[in-house]
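In structure tokens below, several structures.
You will see chain A twice below: alongside chain B first, and alongside chain C after that.
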Partner chain A sequence: MSNVIKNPRNGCALHGALQTVQEIEGAVPVVHANAGCGVINYLANKTVGNGASRYSGFATPGTAVQERHVIFGGASRLREQIKNTIKVVNGDLYVILNSCESAMVGDDVDAMTREIVEQGEPVACTLIAGFNGGSHYGYEHVIYDILKSIDGVKKNEKSTDEKLINIFGIVPEKDPYWQGNLEEIRRIFAGVGLKANLFFGVYGGVNDLVNAKNAVASVVFSRWGELPAKLLKERFDVPYISVSSLPNLASDERELIEKVSEYAKIDPEVKESFLESEGRYERNYLSRIRDDIFEYDLGKRTLIVGDEEQVIRYGKLFKEVFGARVVGAVLTDALKKDEEHETDNTEILEAVAENIYITSDEKDIEDIIKRSRAQVVIGSSLEKRIAEKNNVSLLEFSYPIYHRAILNQTTVGVRGAVEFVSDYITAVKQAEKEKSQVLHDYLKQLKNQNSWQGHTSKKGQVKQINLVSELAARESI
Partner chain B sequence: MAEKIGKHIAIYGKGGIGKSTTTSNISAALAEAGYRVIQIGCDPKSDSTNTLRGNNYLPTVLDSLREGNKIHLDDISVKGFGGVLCIESGGPVPGVGCAGRGINAAVNLLQELNLFEEFKPDYVLYDVLGDVVCGGFAVPIRDGITDRAYVVSSSDFMALYAANNLFKAINKYAPTGGAKLGGVIANSMKPGYHREIVDDFVAKTGTSIAGYVNRSLDVQQSELYGKTVIEAKPNSAQADIYRNLAKYIAENENLVVPNPLGSAELRDWARSWGDRIYDIENGVVNGLAEAI
Partner chain C sequence: MSFLDERKALTREKRLSSLSHFHGTLEGLIDETSGAEIKQRIRTFSQVHVDETIYAFDVLSKIEDAAIIVNGSIGCAALGIGQDQEKDFSWFSTNLVERDTILGGDDKLREAILRANEEKHPKAIFIIGTPVVAINNDDINSVILELEDEIGIPIISIYTDGFKSKTPVTGYDIVTHSLLKYLIDKNVDLKDDYINVISFSENIEDVASIAGILHELNIKFQVLPRFSNVDEIRRASKARATVVLNPDEGDYLARELQEVYGVPYIESEAPIGFRGTKNFLQRLGIFLNIEEQVVKYIDEAEAKISEQFVSNILEDKRVFVDASLSKVYGYGRLLTNLGGQVVGFSSPFVDLENRKQLKRFDFLNKNAIAIIGNGQQFEKANELEKNGIDIYFSENVGNSFVTDEGAVVVSTRNRVTYGFEGVDVIIASVRRALRLKEKGTGGSSYKDSFKRRSGNWYVKQEVS
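So, the complex of A and B:
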């Protein structure tokens, strides 16, 4: 029986594949679908504030399939579109993205791709259709498909680079901080003398895809990076390390670097010196907030809504820095039944949060928040309404985040942790200020009117009385 | 939807079972009786109306649609024997595209072109490709396009299996305004147990027989001449069989929602007939007669 899902925050597999290819510098997506499939993804992501990549939105090459292409097949239309795209759009790699229509009609996209490749053009394709899964699935499978075929498109002899590490599992645009986070991962690896093969963002590009087989190891930061890492292991003997989340604290960074050092050559002195400086950085800033932790009672009941990786990362940070109780974790990217991945984070999640929920339904999430009696919610802009209604502080850190530009800001590594912690303290301080203001206004009113009656609505009155008693209780402590 | 002009009848059946032959002969018999008839072939092979129009070339609706030019009724229809208006929906080349969507588009286009208002038919026959393999092929029995469907079947299991599938589709769509079943046209009947098998099948599924059409050399011969039996051998007994069938279909108002058999039920039913046929062919005597 099907259910209604209110505001699901993830798109389809085509959307995931499209936003992944769009964020690889030099790669040009060619969408074999009706015009709406590509555009709706653009419109959805436009609100998030990551900015637009080079070939996105209305500038995305596509076949704009019409009814006659469904009836008679769209392969020749696709051929025309690939040729035209190659003529007018410069790219190092053209990636054909399949769609529901084309998959149902059975267009032979594979043969069309081979035909163009035989003509010497750098083209790859993915045969996944929108209905195969969500956007995280799209990310994982398009990278897998490109890595599977790129050897036949871009010749490159295998020559292992002892310093090169592939980075998988950070899904562009689904992690609102993906750009900054990739840059931070690069900084951490560079700190110990390693090179990160990021694929996406400022330092990524098509060359990273070509060189992926030359890496000394791959690091998989979420379940969604497992498939491409496994492929490289099977085909090119590139080992991979799976970690449950991106690093946040200096101890996480150390753990990560220690694991990587089993495969990559790292100068012990450089490693120690870098990790020591990371620790110093963290200690310095976190010790600055010790007064706030006690004054504002920052170890609050917390609920986290987001992708599994983010939930684990933010949960650990809140527990370790503030001693917070993570009363619930809502995983918006996980599958109730995941048979494709070996990654099983159940134990880690149970150690982080008291209750685990798997849903991306806004209504379910609102109910979970209401029931949890959480004081703080780390979530997306979709939780704003319920947070305001229940007088809960909301930290918007997971997808989607509206009305904020997020370009190179990061939430990982010690720098990300400090930024995250600062945002949290700011939110708590602002909430306190608003409460004080309400109390102040109320007392002023009382003074002026010297009466309980006729000055406010019943609802407002109750809220004010609650605040007065809360503040009075705190004063007495 | 505006009130329908004429009776719209869909004829289904497994590929190669004689749907087009039967439909064309029904059309010819109705035309001979003085009715205005349209026959629409809903099959990418586009050979439904061949025998009505002497195998002459007729551009299909979808061929015209593919060209993208403005389409006129005259471009996609031709009058055949007895003034039967012949139309072929056509479809993509085998192995490419979606024929189901093609039929959908062709039927929509015919409605847009005001075909029925212009021609004012008494009967419209839709000759639909084989099995109901997907939603597209159920279009003629959905959305109120036709209000009655017939299925052509021989006594072969696979033909009855296809008929049962059509029953499933009717069963699904009838409650929301889809067509009901007029009956089963028992085709390629030979002497022996063949009639009995089809009779048993219709009894099991709560349907009825619209007519029995015997296997006949006249049919084969007429087809080779590129004509219907009604045209090539108007005085033959076979022509009368088709005339009777056409009369039944024209007058029949006993439309039912069939009770299709479940997969296991159909298999068991077929198996029981398998045993009986073996006994008949090998002269095994069962029951009371055994004691003789």
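So, the complex of A and C:
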């Protein structure tokens, strides 16, 4: 049974489905819910600073159901909304999204969708309700539902493209770096002569959904892409590869490309040349920071709060680059009981972190951080207060991240790894500088005191200085 | 007449016959609203918009020592993420799932109340209702009755449901109703020497601007319910008087404080622009018997503004104002004084209380565009290109559609627009916006065939 949650961060299935459709160029979401359901997600994501897509926020068509629709049913309201959305809003695909109200009332969303599809209009729907799960669940199910029906909406003959790879598992918005990460995956695949079918962002669009069946394989980068990949396997014989996390180091990239090369034709020379170049890039930058690793003691006790995929990726990176001890991992997207997926990352997680927790409740997370005696927490802005209270440094890398604009920055691939590492070192150096300033001031105060009594009282003002200073935490590194 | 005898606040539609759709001219709108009741209309195409749950959560989240429980599915509680609050803000979700929609969520609500009390030690707990709970008809009151004595602080149900009103300010009314009924001190024998400044939606910049003026005039005040605490709300009934920053939102609370607790309501317009701020302060000065002091302060402010005021920066520019109806007057007048031609406005709703404001729109031609709609960007897009609008002055979030239609946005977000300080800031914002004119991205979201049609073809009259 699910419990009460303090400071829940991930929204509901409708939110996940909505933000997924919004990020597909040419797709128009139509929310069949009360007026505010579609807005809440927009207001939440707006704080994160990814910008807003064309059909997000107040531009999103929605039935804005009223009391009469709850009492008498809202199917006819939905029918007129779909019909008029097509008349008013430019789009290549209209996706009807269900909600808690509609599910409780029992509106036949499917029938309304079929009715309009029979008229030749490009419309798909998903029947999941908000209370069915979180936004990761919504992402996975809406993609699954669209792929299930798109063949009947946008006809095209299957013609396998030996270079095309479907990318699943990067959840728009809920991975704060989703756009940059998709672009980095595209760069890696392009490096070995493959094309990434991204669905979202600059290089994605409705055509990617139509072409998904023509891919030579699908790659699922977290458990949250398994369902659509399986569907393509069952219906169109597109094989899929599940990997526990996005690649970070050159060795991860090699492992990924080797797996993909079992299905896609890759020129061995091109592959070796690209991977060698990636390795060189990584070696060059990581060798430049060797002094920092030792001088700033970067292998600190680390705890990670975020999606399972992020926990695995950041954990591996911290262990391999800095020799850090990952004393705990808090999975905020995972289900306590997952009956839908075959993916089981238990062993990988246990190899990455000493303790694994599944929760997104702030009180639980606070207790875990306190008990862990971590020096560094990689988490979200919601951990800021806890970090300050417990004198722990915070690196904000998981959702939500407040007061930072994140557009095309990436944390994936060797470039993302270097960016992540440089952010960490910057934060540590800033904290050290501030700590050093506090100590200088302290020394000055001591020298200017006339009596030991004065020393004692002044010392009380700066007694908070410790390994990872309070000031460092305040800067929320 | 007080509405406090009602168990729940009435919706704006029921209390003031509020209208949430109109698309026509100012003259038509005045005509439409001139009767004893305003006829409702129904859109057969709409876009998502804020509802009363969002507004209620927003204002309650700014009461510093209260706890908030969002009683609904996990997604409704994403409202808290949107608050982007300071470090001490936290909120709880009862996290209702499918099973709870069948068996009821009372146990979870009980657990949430106990946790909120234990972990936050609040002075009051607010329970925000959501669609799932409303449809399920969960018995929230019995849980409150059971726990209120046990934990010893007020547990207050906010009867929002997200689908009974098309006018989201109903959320403020619902909060007002609950605060008046369950929190505000009923013992009003002694009055104190401060005034209540009612704020529901103003940003911190605007509230600070007005607070700064009151401080300079040595007027003691407390702001509520936004940026307040539980004790300040309790004391609202002991104030000397009440002023309201946005009458569309705070009028209900001020009137009830006057009606039920005898706290005089100093009615005024929103303190926007030079004249708006002047009128606001003059009324306050008259009531508090500090007219001379206020006049002196205004004269000094006027002298400062006059030095920088350039009356022609909007010359030859066609301007559209998108704001709460009680603020359209202040913004519109200021933009007209800057040389602009205000050719239309849109507001989220109009109700019986707004009729007198509509008649004061002397800066507008009687054929000026009048759009009433909460959000509904497509209705505004329909008019922008058609009417060659240059400047879109907006207090709402998410206006990028405007640039697609060839206009440029002057936003009031994240800056001060109230008080004398606001005049300078608005002028600076207008200047910046003019530099961006002609830099629109193009590529409208809306079909040309739609934009050629009237803005009313998809609207039905409500059948009563």
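The definition used in the following text is that the second predicted complex is superposed on the first by the 447 of 477 C-alpha atoms of A that agree within 3 Å, B and C clash if a C-alpha of one lies under 4 Å from a C-alpha of the other, contacts with A are read in each partner's own complex, and residues count from 1 in each chain.
Assume contacts are C-beta pairs under 8 Å (C-beta built on N, C-alpha and C of every residue); 3 or more make two chains touch, one makes a residue touch a chain.
Keep in mind it's a predicted model, so treat the numbers as computed, not measured.
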- So, A:Q22: does it touch chain B (first), chain C (second), both, or neither? neither
- Task: Would you sort A:C100 into first (chain B), second (chain C), both or neither based on which partner it touches?
- Result: second
- Between chain B (first) and chain C (second), which does A:T113 come into contact with in this model arrangement: first, second, both, or neither? neither
- Now for A:N214: first (chain B), second (chain C), both, or neither, which partner does it touch? neither
- Touching partner for A:G73 - first (chain B), second (chain C), both, neither: first
- Query: Which partner, chain B or chain C, is in contact with more residues of chain A?
  - Reply: C
- Message: By the touch definition at the top of the document, which applies to A:T85: first (chain B), second (chain C), both, or neither?
- Response: second
- Task: Name the contact category of A:R54: first (chain B only), second (chain C only), both, or neither.
- Result: second
- Message: By the touch definition above, which chain A residues appear in both interfaces, chain B in one complex and chain C in the other?
- Response: 67, 69-70, 104-105
- Query: Which of the residues in chain B end up touching chain A in this complex?
  - Reply: 62, 65-66, 68, 91-93, 95-99, 101-102, 105
- Would you mind writing out the residues of chain A in touch with chain B in their complex? 67-75, 104-107
- Item | chain A partner contacts - residues on chain C that touch it in the complex | 43-51, 53-54, 72-84, 87-88, 90-101, 108, 111-112, 115, 119, 131-132, 134-136, 162-164, 166, 168, 374-378, 396-398, 400-401, 444-447, 449-450, 458
- Residues of chain A that touch chain C when the two form their complex: 1-15, 31, 33-44, 46-47, 52, 54-67, 69-70, 80-81, 84-85, 87-90, 100-101, 104-105, 129-132, 134-135, 362-363, 384-385, 388, 400, 402-403
